[in-house]
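You will see chain A twice below: alongside chain B first, and alongside chain C after that.
== the complex of A and B ==
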């Protein structure tokens, strides 16, 4: 029972992160490894704003998001925009993304150091729930906050004009262009949503564990697994995929050495690619 | 032998290990257009297998079979190939970006196994690897002697690969790279060729691992981080994909940049970690290569007759 609760917690972190990654993967048409660095920057910027500047924690997260978006859009302007104009294929984009991931991760080490850090919060005791399940107040906040975020994301994608344009572009880029959707504008908004998604995932992960520069890279494999399982470009699929990956990873710790958790994500991802590359909920794989 | 000569020998041997890796990736990516982001995984398999084969018996890790050095190289090469076959058989038909993620995942899991299964690999503590023919060569010349072995391995490999890519088999690979549909139209079984290339290239990574282990004489999971894979990618992409001499030049130059940055530590303010700066530079190089010079410094040699023109 405890493992399932741990799984839901991990699933919440992966789900929130996977939504942004799935939209970037689909709308920009390549798998962006630098997403891991966005997650790490989100966690560290929040830490600086909270620990050093002294903002309340919620405000620190909310202030870190526009900074993260600005960074993502700036990077896009310097690199990917040129490559899009030149018609560079998904592979070239992917290599640039990997280069950016290495560069940005190192910059975190240079700016904040490699030591393990944490948010200056009082340590509170875990609450004992029925079935002998233990959950810390932080973990409770993570699960509740991710439910609220999922609802807000749904409203954004379903109700707003730009959200609809994003889903349309994710569905069929050429059709979206023909219908007069400004794809560069959609791409800009994709980076904003990706920053919110990565920022919260990074913050949740750091809140539940600790801050280290490698934390983003370590979450990248489960994130891609969630994206592929849910169907690339399908945000609802990414949410479900994230939950499935999170729960399977944690529950597997009951049977095998816990260090092999990432292998579980890898195996689920590979089997998905082999049997149903479009993912559980379709749309992906084209 | 004086310090600077010793360092030069160390540098060159290290560069040759990466030269072998670069030749292996060149046959996969450079000639066939096959994406493999799992270089570090096969490199690790080769290094550990060779260490088991040539090491003295030990209760702390697998083997110690005490077999001769060439047997170690051979078994490391073959076992890496078997790993590639097992991985490649189901996934070789995947689209290149999916293949990239799957191979990178594979390399991470190899490293995870090495870290976790301590009774086999001694985990994060690392394993000692013997110095082959140590008793036959005077200690002061040993570095030079091993450099000679490494050069010989690279030379044989280089000549073999140059022959291979000029053969009809090699031409089929380039056809697959340029346009898979053309290869299919000529009756080539594209997936079979790709699988052969995945196995061959990965065998070369395994060989490089064996040469590395016996050179460094100590291996830990940290020698096989994903960064190693990208280091080889920079070498191949910057040196010129599809040109074996080009990627060797790339290996030498990038190793030069890598070691050269060590001297930066005298200039940089204290507290700046050289490891982070190195990683940042490699990252920037990857970005720049794609944005500025996608064909690499040397590019590919023309293989068709001049009369045919472009």
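== the complex of A and C ==
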């Protein structure tokens, strides 16, 4: 039972992170490895704003998001935008993305150092729930906040014009242009959503564990697994995929050495690719 | 009055020249067919007119204003809409959302257009909350055309709207197109059912090898022995 709760917690972190990744992957047409760095920057920026600047934690997170968005859009403008104009293929884009990830991760070491860090929060005791389940107040906040975020993301994608345009662009970017949608603007909005998604996932992960520059890279495999399981470009699939990956990873710890947790994500991803490459909720597509 | 004029268009993909000085004219409220064998450049011509493929030479005018080289997301604002041959709907969006996307650039109230689309395609009204990816091919085609009508264009470019449809469905779609045309929207259509399309159109162009081969009134083309033999399947 404790493992399932841990799984839901991990699933919440992965789900929130996977939504941004799935939209970026589909709309930009490649798997962006630099997304890991966005998570890390989200966690570290929040830490600086909270520990050093002294903002309340919630405000620190909310202030970090526009900074993260600005950074993502700026990176897009100086790298991917030019490559898109030149018609660079997904492979070239992916290599640039890996380069960016290495660069950005190193810049985290440069700015904040390689030491393990944490948010300056008082340590609070875990709450004991029925079935002998322990959950810390932080973990409770993470799960509750994830649910609210999921609802907000749903409302954004389902109800707003730009949200619909984003799903349309994810479906078919050429047709989106034919319909008069300024796809460059949609791409900008995609980076904003990706930043919110990555920022919160990074913050949640750091809140539950610690801050290390490598944390984003470690979460990237489960994130990709969730994206692929849910069908690339399907935000609802990514949410469900994230939960499935999170829960299976944690529950597996009851049977195998926890060191092999990432392998579980990898196995699920491989099986999905072999049996249903379009994802659980995919409908074929391109 | 001439609504759309494509003059001496030269274009292609990469270094391959597909169109060698092709010209097409459409008058207001007119329905015009482009026919020709596969690979004759019909789709390329449509894409060039709409700015999806760059015109290397020649010019495209809409109401005597040049739209040469204007990108698709801007050209739609000028009263021209295009329905591509394939992948012409957003499969994960509902019927209603697809139509909303058709009206994306509109800031005003477009419930009138929405009503008109549902009037012409009543089948869509029943399915408006359904995901388009789950609809039949014919219904998807209706969504594609309906979305293109949301901007009340002066002219619709239709690229093989009946591709892959059963004959009775194809006929139904062609009749719907004529119905749209009768409301005053000019139509430029590329069609594999050449005979059927010509019968509904006032004029036609026959393309072959990326050049204008024959041009004329539909009746003349339908009666032309050579056109009949080569392009209308005798």
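For this structure, a couple of remarks:
Quick note on the criterion: the second predicted complex is superposed on the first by the 283 of 286 C-alpha atoms of A that agree within 3 Å, B and C clash if a C-alpha of one lies under 4 Å from a C-alpha of the other, contacts with A are read in each partner's own complex, and residues count from 1 in each chain.
Everything below uses one rule, namely that a contact is a pair of C-beta atoms (placed from the backbone, for glycine too) under 8 Å apart; a residue touches a chain by one contact, two chains touch by 3 or more.
These numbers come from a predicted model, not from an experiment.
Following the overlay on chain A, a side-by-side fit with no clash is recorded for the pair chain B and chain C. Contact with chain B, but none with chain C, is seen for A:259 once the two complexes are overlaid on the shared chain. Between chain B and chain C, more residues of chain A are touched by B. After overlaying the two complexes on the shared chain, residue contacts for A:172 are found with chain C alone; chain B is out of touch. Looking at the shared chain after the overlay, A:210 reaches neither chain B nor chain C.
By the touch criterion defined above, A:91 lies against chain B but remains apart from chain C after alignment on the C-alpha atoms of chain A. Contacts of A:81 after superposition on the shared chain: neither chain B nor chain C is touched. In the superposed model, A:276 makes contact with neither chain B nor chain C. After superposing the two complexes on chain A, the shortest C-alpha to C-alpha distance between chain B and chain C comes to 13 Å. Of all the residues in chain C, the ones that touch chain A in their complex are 50, 52, 71-74, 76-77, 81-82, 84, 87-93, 97, 100-102, 104-105, 133, 147, 151. Listing the residues of chain A that touch chain B in their complex gives 30-31, 79, 82-83, 88, 90-92, 94-96, 98-107, 109-110, 114, 217, 221, 224, 228, 257, 259-260, 262-263, 266, 269-270, 273-274, 277.
Of all residues in chain B, only 35, 90-91, 94-98, 100-102, 104-106, 108-109, 112, 115-116, 226-227, 230, 233, 237, 272-273, 275-280, 282-291, 294 touch chain A in the complex they form. Across the interface of their complex, chain C is touched by residues 161, 164-165, 167-168, 170-172, 174-183, 233-234, 283, 285 of chain A.
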